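Common to both upcoming complexes is chain A, partnered first by chain B, then by chain C.
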Partner chain A sequence: MANNRADLFLEISALLTGFNKAELQGTGMVATYYNTVANIPQDPNYSDQELAANEANVGFFFEEVNSILKENKKDESKLQQAIAGRLMPLSAYNGLAQSIITLWYTGSWGANVVNAQAYIQGLMWDTAEAHPPGAKQPGFGSWSFPPL
Partner chain B sequence: MKTDHYDVVIAGSGIAGSLIAKTLTRAGKKVLLLEAGLQAGVALDSDGAYNNYMSYLDRFYNAAAKVPNSPYPILKDAPTSNVLDVVKLTPGGPPPPGYLVQMGPLPFASDAVRGPGGTMLHWLGTTLRMLPNDFKMKTVYNQAVDWPITADDLRPYYEMAELEIGVSGEVSEQTYPDTPAPKAYFGKDYVFPMHKIPQSYLDTEIAKGVQNMTVKLNKRQYKINCISTPQGRNSTPNAKYPYRDVIWNKAEKKLKLTGLLGEKYDYNPVPSIWDAYTGQRCEGNASCVPICPVQAKYNPLKTLKRSNFDHLTIITQAVASTINIDEKTKEVTGIVYKRYNNPDSPEYTTGVAAGKIYVLAANAIENAKILLASGAANSSDQVGRNLMDHMVMLTWGLTKEKIYPYRGPGSTTNIATFRDGPFRSEHAAWISPFDNWGWSWPVFSPGSDVSDGLAMGLFGKQLRDYLNERLTRQFLLHFECEQSPDPDNRVTIDHQYLDPLGNYKPIIHYYATDYMLKSMEAAKTVSDQIFAANGIEDHTVYNPVTDAGYVTYKGQGYTYRGAGHIVGTHRMGFNKHDSVVNHEQRTWDHPNLFLAGCGNMPTLGTSNPSLTMTALTFKAAEAILKQLEK
Partner chain C sequence: MAGKHTRDDGTIRTLAELKSALQNAIELEHSTIPTYLCALYSIQDGTNQKAVETIRSIVVEEMLHMILACNILNAIGGEPAINKPGFVPTYPGHLPDSDNSFVINLAKFSRESVDVFLKIEKPATTSEPPKAKGYQTIGQFYQAVRIGLEYVNDNTPGGIFTKDKKQRAKQITAEHYYGSGGQIIPVYTIDDAREAIAEIVGQGEGIDDTIEDSDQQMFGQGIEYAHYFRFNELHEERLYKDTDTPKSGPTGDRIVVEWDAVYNMKPNPKMDDFKAYPELLEKVRDFNRTYTLLLDNIHNACNGQPDLLMKGVAMMYQLKYKAIALMNIPVPGTRYMAGPSFEFEK
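Right, the complex of A and B next:
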């Protein structure tokens, strides 16, 4: 189970964000984000108990993802329903699915930007057919035309 | 510790300080520049400048809230205002935490950078001149005060400022209300150094419906005029631009532009401070505020770099505290500064910088603080008073068609219609820039749109589609209302409020007069008509609980925000009773003390103040040179 969590992470990230796996791989952020989610707090502010509870929560989340993907392999609409009902509510796994979406779209985990690349690779900028302010600049005068 | 004796001692390396340092050292004068910020920030060699600037950029990338000050170091020993500290004030309650001690009743909502290059590191780059009537508000509208100089007096200095900053724009498109046509106002053959920055796709789409539409305001009709905005960022050089430099003409005792209108000269955009091949054109980073990664946008370090370093000494990490004054002659004899090694430690050494002439160029709030702490220049009782900002009211909505914001410089087009008119005897004038960056300012889009989508239960393709539809249609309009000078909007000091070096923290008293509130009501009326006529779905919300700048007028609520235009705390005027400095920017009270910066402006106008302040600073530099060569 633990060994293919990274694969499960990519799989469920694509379903949660609406970006396909190749687009997500293209950001270069998959490994960083998997580590962000899976190893959450190396943060000294967390107590051992909190760390253990969190590790358990992440474990249950990936088990659930695994079952959802297996059970609904052949039926796209059932798959969507399962994600909506079993992962998306804030009450499910401490809102981990929503946090993963926010992570991909904004580059932030909780109140913090994961790192400079995370900000730059935020999917919300592609979604806006724009680019992150201060990076990936499109060149002189490009803004006077509709996006490519 | 006392320094060598210099011709001129300047406090502050923003555009005012840097420009005076450059102009004077190039005229052979010996200058000492004191700067409160870190040594690293003043590096002008390729490696040092690049590495330091990239550290700013990295700090910006990693900041959770990408506010104007987010790229720049926070220094305990040279603290500064931050928009993150601007919160709703409780009547009678203690002032909230932050550098500005906000006594209210309303919060002053603008910030500043304290460090090499100053606040223009994060300016937007708009370089509009003031209009003729802006200089005579009392005479024409019986409001505020007149300036002791006119638009015509300032014209040669505006031209110098437009060369110094490197303005891109089309003079022929600068049609303003109640102002002579461009050829008359700017001069028959005058052009800006570079052609205009291309206007955004959004501008073109919005202007299709807005240009020439009629709006009603207080029973009058106005035809809306959308024009391109001149900007201090690099674009395509204009082959007709003739000026090369500003030099001191010893014989005539004047600063002069070299080059003649009509002569041919290839203007070269001023590149980044680390590399001649970076920043020659705006590259569309869409992050002018808070940082242009390639320095295609002007910043004062470009001016500082062109100083004559044989004549310039810079002492950094030196916070100007007070000035010493000879009781008999009223001459200033030194600027007392506190120098720290570690910006987080309260340890410092005290120095006194000595010269023939002194210039405070530390920004409007800091200048006022230093003068108040020294009991200086205040026989008019105007020091610290008349603090002003553009009170910015924002309106936002969704367009029918996609307009693709979040691209290009912050603003490339403005509505000039309400910059002047008879209504100014009733309420403030304003300029309305179109904003190219979606709803990022009022509601922190696009991050907040992601949250909204999640709150609606969206994920996957549905979420992506929802965000695409929403983010590509976001339109934001500004109403930058000209705050009129009010003696009760002011900076004061008190021993209760000190920073770690024992320097005063500025205490701010601030409110909005009916003249301002009425302009917000009027601006909202105009916004409503523009939105309705163009099918823009209004999403504007002024929240009485969460908006720090929430105000009410005639039962309606409005929210103002700060424009970052800190102006007016040591006004220029006609005599020593009505003002702190004369038209040459010299204090009435001390023959060898000049003040530089936006604090000198008697009124604000509807233009962003940087260009006008730069023009005034050339005037100050000229007066200083004249005085030195007497």
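Right, the complex of A and C next:
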């Protein structure tokens, strides 16, 4: 079982996105996204109180993830229920779980794309069997062939 | 499969031996591609621009050589066999039917890999006799193939180059092949075959004791150094100047090779290595399925459906993205990342 925050992040990301851990690791974005979620934002517009509140929120979120994973180790449907009930509501941990889903699918955190790779590696492209315009070229004429 | 008809002395005297040697040529060209691709895809995005450019430009020329070998085999009434398990080399391994003097691997970009690449592309010296079996350099191998082609053609009434319309339509032409260095050469005559072989050998190891490849002399393309010398620039971390010779080595500007900006790919991975990790295994298997589909595609393209090659390009892009994804996945309990295993998987 995952015991540090980075491992917890990968575990819960897989459960939240529906992509397995190997698939998420394959994007090369795990460390970047973990830092995006867990680190205190380096934004001068945040007040000290806001930064402290954010840090506390993230801490509580990972504690909750840890207990959800522990309590429901053996029961997949209970695990899903716990995630839906305790993490998914917008009121839970400032909607962090939903933000993590958006992060993986779109590469965006809040209104900003995390970086160029995040845009390219967004899960939405694979989900739609499309490709990010301007990157990961599929080859001339590929649109006329059925998916592999 | 390799070398079934090849004589022990490495000469070629019959049509069957010639066809077998050309099948070996296809396998030989192909065997270098996974080894170069692993190095290429292990380089982290945005780093090592010179190395990326070098390996990429060489690997697309190896693909061209593979198709040129198919064209020659088709021209003499053969059937390139690409989509069967024995076609895919086992890594670590040797160049098919070579003297086994060095080992080729599926491995990340490193000084050791570049050392191997230099051995693959090593120019033939005049003291080495042409040999289609037990050769030391690829130049020696193709020299034997060329002599064999001429010998069998001269000693066969009417020659060995097919006049059959359907067989001639199997040639891959510029219409089906785009976007690589050098030039695709459809082969209908002994002269075309000689030109195709000159192209393969000229791009690989250069001609006439220069560091340049043959494309400028043959096709009026800009000067490009032959594979051996392009790899040697990485090895020496220094560029060649136009006035350099094979003996002088590169004496131009220093280049920076970031040997560490590379995914630490597990050398010579196999699907079997990942049995304990079903998610990872599935990713490796998925890569291999796409690779096998691509081999099917090239096989069919070279056996009468040349238009299919275009579709292969889309598969090659897929393979690239799948390979890079694997290099981002740590192999649990090791310091390695996963990587493409290039195994035949239906």
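In the analysis below, the second predicted complex is superposed on the first by the 144 of 148 C-alpha atoms of A that agree within 3 Å, B and C clash if a C-alpha of one lies under 4 Å from a C-alpha of the other, contacts with A are read in each partner's own complex, and residues count from 1 in each chain.
By definition in this document, contacts are C-beta pairs under 8 Å (C-beta built on N, C-alpha and C of every residue); 3 or more make two chains touch, one makes a residue touch a chain.
Here the structure is a predicted model, which means the values were calculated and not measured.
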item: Partners on chain A (chain B, chain C) - clash or fit; value: fit
item: Touched partner set for A:Glu50, first chain B, second chain C, both or neither; value: neither
item: Which superposed partner A:Thr27 touches (first chain B, second chain C, both, neither); value: second
item: Which of chain B and chain C A:Pro138 touches, first, second, both or neither; value: both
item: Partner touching more residues of chain A, whether chain B or chain C; value: B
item: First, second, both or neither for A:Thr106, with chain B first and chain C second; value: first
item: Partner chain(s) touched by A:Met88 [first = chain B, second = chain C, both, neither]; value: first
item: Spatial angle chain C-chain A-chain B, Cα centroids [nearest 10 degrees]; value: 70
item: Partner chain in contact with A:Asp7 - chain B first, chain C second, else both or neither; value: neither
item: Contacts of A:Asp75 with chain B and chain C, given as first, second, both or neither; value: neither
item: Contacts of A:Pro146 with chain B and chain C, given as first, second, both or neither; value: first
item: Closest approach of chain C to chain B (Cα atoms, Å); value: 7
item: Intersection of the chain A residues that touch chain B with those that touch chain C; value: 137-142, 145
item: For the chain B and chain A complex, residues of the former touching the latter; value: 57-58, 60-64, 66, 198-201, 204, 235, 281-287, 291, 293-294, 402, 404-409, 412, 436-438, 446-447, 449-451, 454, 457, 459-465, 467-468, 471-472
item: Of all residues in chain A, those that touch chain C in their complex; value: 20-23, 25-28, 117, 136-142, 145, 148
item: For the chain A and chain B complex, residues of the former touching the latter; value: 15-19, 80, 83-84, 88, 97-98, 101-102, 105-106, 108, 111-113, 115-116, 119-120, 124-125, 127-131, 133-135, 137-147
item: Touching residues on chain C, where the partner in the complex is chain A; value: 45, 277, 279-280, 282-283, 290, 293, 310-311, 313-318, 321, 324-326, 328-330
